[in-house]
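What follows is a set of structures for review.
Two complexes follow with chain A in common, the first pairing it with chain B and the second with chain C.
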Partner chain A sequence: MEHACDCERGASGDSSCADSGSEVSEIVRRCEELYDDLDLGYVKKWKEEHRSKAIGFLPIYVPRELIHAAGMLPVGIMGAGDSLEIIRGDAYYQSYICHLPRSVIELGLSGRLDCIDGFLFPSICDVIRNLSGMWMSLFGGKYVKYLDLPQNLAPALGGKFYRHELTRIRADFERISGREITDDRLRKSIRTYNQNSRLVRDLFRIRSETPELAPASEVHLLMRAGNVLSVEDHSSLLMEYISATMKTKRKKMDNARIVLHGAFCEQPPLGLLRSLENAGCDIVDDDLVLVNRWIKDPVSTSGDPMDALVDAYLHHSVANASKYIADDEKGRELIETCRSKRVEGVIFAAPSFCDPSLLELPMLQDALDRAGIEHTNFRYSEDMGQFHSIREQAGTFADSIKLWS
Partner chain B sequence: MSDVQKEPSMVKQKDMIADHFRKLSRAKEDGRKVVYTFVPGNLTELIANFDMLPVLPEINALQSGMRGKSKEYIAEAEKHGHSEDVCTYVKCDYGMLKKGNVGPTGEKLPEPDMLLLSYTGCFTFMKWFEILREEYKCPVAMLHVPYQGEGEITKEMREYIVAQIRDDVIPMMEKISGNKFDEDKLKAALRRSAAAEDDLVWTLESAKHRPSPIDAYFGGVYYIGPIFSSFRGSSDAVEYYRMLREEVKGRIDRGEGPITPDGPMREEKYRLVVEGPPNWTSFRQFWKMFHEEGAVVVASSYTKVGGVYDQGFRHNPDAPLETLADYCSGCYTNLNLPQRIELLSKYVTEYEADGFMINSIKSCNSFSAGQLHILREVQDRTGVAGGFIESDLVDPRYFSAANIKNRLESYLQMIDAKRKELIAVH
Partner chain C sequence: MTLTIGIDVGSSAIKFALMEIVSGEEKLIGVRTGRIRRRDPKSVIVETFEHLLEESEVSKDDLDYIATTGDGELCEFRTGHFYGMTTHARGALFLNKDANAALDIGALHARAISFDPRGKVLGYRMTSQCASGSGQFLENIVRYLGIALDEVGELSQKADNPEIVSSICAVLAETDVINMVSRGISAPNILKGIHLSMAGRFAKLLRSSGSSGLVMATGGLARDAGLIAATREEIARQGLGLEFVTHEHSPCAGAIGAAIWGAFRYEKLRQREIAGV
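So, the complex of A and B:
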């Protein structure tokens, strides 16, 4: 692990900066350990300590507040990346299906997900949808729920249906945990997650204003840690990181300000993000690990907490390829992000064979063309090991922005 | 290649389709509004209620595939930035649009006045109509049909769909067409739908006879044509299915097998159940590989994408909106994987199939994701060995005739070997 600060320790005499740098490095190291731990050691320990259960969820979004209010641990499952050899998972999927489900199956069949007591499969695409059925067949003893998020966002239509979906999982979680989810408990959980979301937004603001202080690869590791850690531990971690990195003096590079878009489900390997950074890109925003940013504003903590969760989904969730948006211009939110964060170009990164991301791509490209925003695109797989050509492509893109944009 | 033997029902269907496309070509001058929608969960009776005309982009795409146009259309879409990884129906349709939107009869298709996004059993539908919305800038009615994640249609799912039809879809149709919703007219149409559905089910189930008088996959795609598309609820559809039933009955009485494009099938050597859509770019060649070997498909899942009628569902005129909701929810690709496995296993048993085969479509995740699991589960439940071939809907680049033929022949040889083993044991 490299020292996170670029000041010359000793030579500058700035010992607090050096300390902060090593603090950042230490936090990043801890996140990397969590990232690499496919056996979910933290989850097992948490369950033991809290004598409770864990509920896993697939990308992109589930209302974790309900799991938390039942005293259980929500665990984001985003595949196995590039660190697991797929042996059995490949026997379940043809070569023309994305990589994430085969690595999730591999995790399941190899016993690595045994510590998860139930699974939520949100309705984001046909592959995750069908995986929910496979899970029922393969892991029959476990709780499996396909969470049908509404595509009709009218409160009286999709809102009513979604509330019913949430009421069902609320009852399921009460049964699994043996703990009643009272409205007060749920409000408290909403407050806890609001605090976490605020910290995430703070971090993304720092990242946008001073990208050298919060590089994409570090932010990604912090967000991935949030998939596993309890929300309380994750919030502490974010506070620690923000405090430490703000004290560091890292060199500001003359990089292109980039948004990475389209990678909301299967995640690119960490090496790919680092390659993009090394190619001269400051990734000032992305849609990786969206669960903690899916709801853009604090969820209401007054009134009926179920209504608050429904309202948050209907009126305050991000524009994403997996969600139908009735009366909005395609790409508006992406363009607004580009403008508000002084973005110079967009890199569309889609997992191979990802229907939502790839079908959305031409529409977003057209929208960016109309807005005069530069863009490029590539496909990846979570287990890819060679980044040379992507690095070259990103480097050329960054150079062209710096030279001619 | 010999001429296709035309039975009266085939002529009838051809006339119905030609008449529909004639109406479409005159729609603008006749002042009729046009609704683009999808096959699964189509609300044909409701569209007709407002005297509007449906266009089904999937059908256009598959017909482009059969007419040898899809390669050019897909290339056009890819030129516009559409990925090679995604649904080829979408790309074929988009390419057709960019090339002038000329339909299967050689006439230009009218632009839509409305997109009815019946979001049933396929995620891609949503993106498809978002793409069309960008092109046509016309109103879209989103009809979100929840998935049968837990293997059932719940009261809340039904209420959600009914509310969308009542509060969103019907008001938009009234506004666009200028016609008021007529419930009695809808009930009468649904009564006709149910009558046609009875005869369709009778036809599909005729494959339980030996020899089967129909091929329920290659032939089946023609039989489902009217009821899955623009004609459900019409008198024409009732008449078509009555004619079809009579013809099939005649074949049973005479002990005849299915009619193929190369004439009547001579000998039924293998009875197969097939999962997955067919390939359209080489449809006749694909079918020939089967019928030349004496393989007849006795049941298929593809012929259930527009409704699983053989499991008991009929449109119910007494609860018009509720029955539309149940229809939308019950289409094959809206069933969860355990339900699909159960249905396919049931087909293998009830139709006394010798084999179970999957034609896995490269660009269709709704069907294909999970098919290897389905294969193993159906094998385990029925004891019938499964076969697996791969092709695509309308992208000719992914149809490898030699590979498919090889796999099919090897598979049928394996069935022969198993039969011999069985004879030796007894």
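So, the complex of A and C:
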């Protein structure tokens, strides 16, 4: 086996490799700053510079192109992770509800989301639906929209319904921003997001082919940065990272190739991802921060742009627990990912009390069993601080794959 | 021939084992331990690694696989990492081919691991986060008593009337020891009492992990003859019917196991490469 380079960050004696290593570290550091900034400093600065507004959205997916076409900044709100003490948020939810809505409430009540001018709550689960209602009560002066994403994917039914929903929010955004969303503007925004999605796909391809060049923890930080940054800034960041990391000679490890699945809404803490990596896992794919990968193919930039957005959702979106699958087989897409990315095992990571993720779990486990793919599962919450038992579980899982599969 | 090194990164010491595998026959070339003693573990790893290679007259380029276990992320030049239970099981099997289980007694915790004849882990139990079953606890006690760690085993075996520690809580046990000192209890009797208290916990771990037959002690405390003797007494007292043994290389069992699994992976990956998979 080749020992390519003794450096993790490019300290091999090759000066270009060392420079790229420090460039990668610098990009990761910037992403970490954005990740830790619960006060959304970037959003405030962007609003000042662009004299415009920001629209927040909850996981998993909203058509950000419409917000962008109105000249506003879409901001993904994914909870507060492990860096905010929940004082008031717990009063709004029972103990058997996941952690994300508590921290979102806490962020709102502590004034950290004051810079957000409106919110979209996509229809993922009952908890998010209730959160949209609470938001209306708590922050009456702000725009709040519960975005009903279609579960019927037939164009004549779900498609028509979804187009109606999009038409409504298009009008809302025009009113909030004071800017007309022309078809041309919307097509331009679609192109801009298509470019961003292409870069994200490139990054995930690099990650799958050479996981040492794009570790899961770094990719996660880059994706989280995309929740806050404008799409243009995020695309530049991705290009910068891809170019820098491709020049590094980070050492390839003999790790188990795994997929992390089920963590699409409340996000695991960064420390948990790092623990999985340290336990001997190369996480070559995941369903974290799905918003920029929800649509698998480029959205059409010709014809009616609203039809293009509807078509993208109906026919080109990923399989997910929050989306009804009518004729398809549950788990097919996950198995395809495993096969195409030479995955050796799946780690199901579900947030505690996440109904969609946990209800889907047995069906996906059955599908993997039938396909002969190893799997294990654990629960987490965004604020957990001890990863010892998860690391132990992931370590033994990785060993069982490497030694006994 | 496959040449591998195993590195067991523990919290107080880093153990290294250099192994050579020829036609399935495993041979231990050398072992070395680097004590951390408030130094940067990363520099201890590099320093000890280089010393072992130098004394074994092996170059880094000759190594086919560098395998870590424990806190392996601290070793940046590793090829792969294996989990502690997997490596201690395999290391125990190397030290005694008849072993069915290992009792890994490290600085921070103890765990009983049962395994099959291939070294595949079948079950395990470990101490909770409480430190009273660990080497760190024992180290603290001997510091209060002003005794060197190396003297503990011999002194403990000289006990004639061991003073049993009343609590399993490390903090309260430390208070117990201070009281014993003020009551004039001799150091051998205090140490034996501590050993028996720890041994009681180990025996419970062995019972609940389903260990049977021959149990090999691994980890840093496997060289504490007093603790080994006390554990044998407890095993007999509780009627577990286990044979409990140790080995001069038991503290390096994790590193040995990692090196052997590293060789296994090296061969597996080589076969895959040949097959073009």
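FYI, the second predicted complex is superposed on the first by the 392 of 405 C-alpha atoms of A that agree within 3 Å, B and C clash if a C-alpha of one lies under 4 Å from a C-alpha of the other, contacts with A are read in each partner's own complex, and residues count from 1 in each chain.
Criterion: contacts are C-beta pairs under 8 Å (C-beta built on N, C-alpha and C of every residue); 3 or more make two chains touch, one makes a residue touch a chain.
Bear in mind the structure is a predicted one, so any value in this text is a computation, not a measurement.
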Partner chain in contact with A:Ala171 - chain B first, chain C second, else both or neither: neither
Partner chain in contact with A:Glu392 - chain B first, chain C second, else both or neither: second
Touching partner for A:Asp254 - first (chain B), second (chain C), both, neither: second
Which of chain B and chain C A:Trp404 touches, first, second, both or neither: second
First (chain B), second (chain C), both or neither touched by A:Tyr324: first
Partner chain in contact with A:Met246 - chain B first, chain C second, else both or neither: neither
Chain B versus chain C as contact partner of A:Asn278, first or second or both or neither: second
Chain A-facing residues of chain C, complex: 60, 64-66, 72-73, 76-86, 120-121, 261, 264-266, 269-270
Partner chain C, residues of chain A touching it in the complex: 1, 3, 6-8, 251, 253-255, 278-280, 392, 395-396, 398-399, 402-404
Chain A contact footprint on chain B (complex, rising order): 80-83, 85-87, 90, 117, 119, 122-124, 126-128, 130-131, 134, 140, 142-144, 146-147, 149-150, 156-157, 159-160, 163-164, 167-168, 336-341, 360, 362-363, 365-366, 368-373, 377, 390
Chain B partner contacts - residues on chain A that touch it in the complex: 91-94, 96-97, 101, 121, 123-127, 129-134, 136-138, 145-146, 148, 150-152, 154, 156-158, 160-161, 164, 321-322, 324, 326, 330, 350, 352-356, 358-363, 365-366, 379
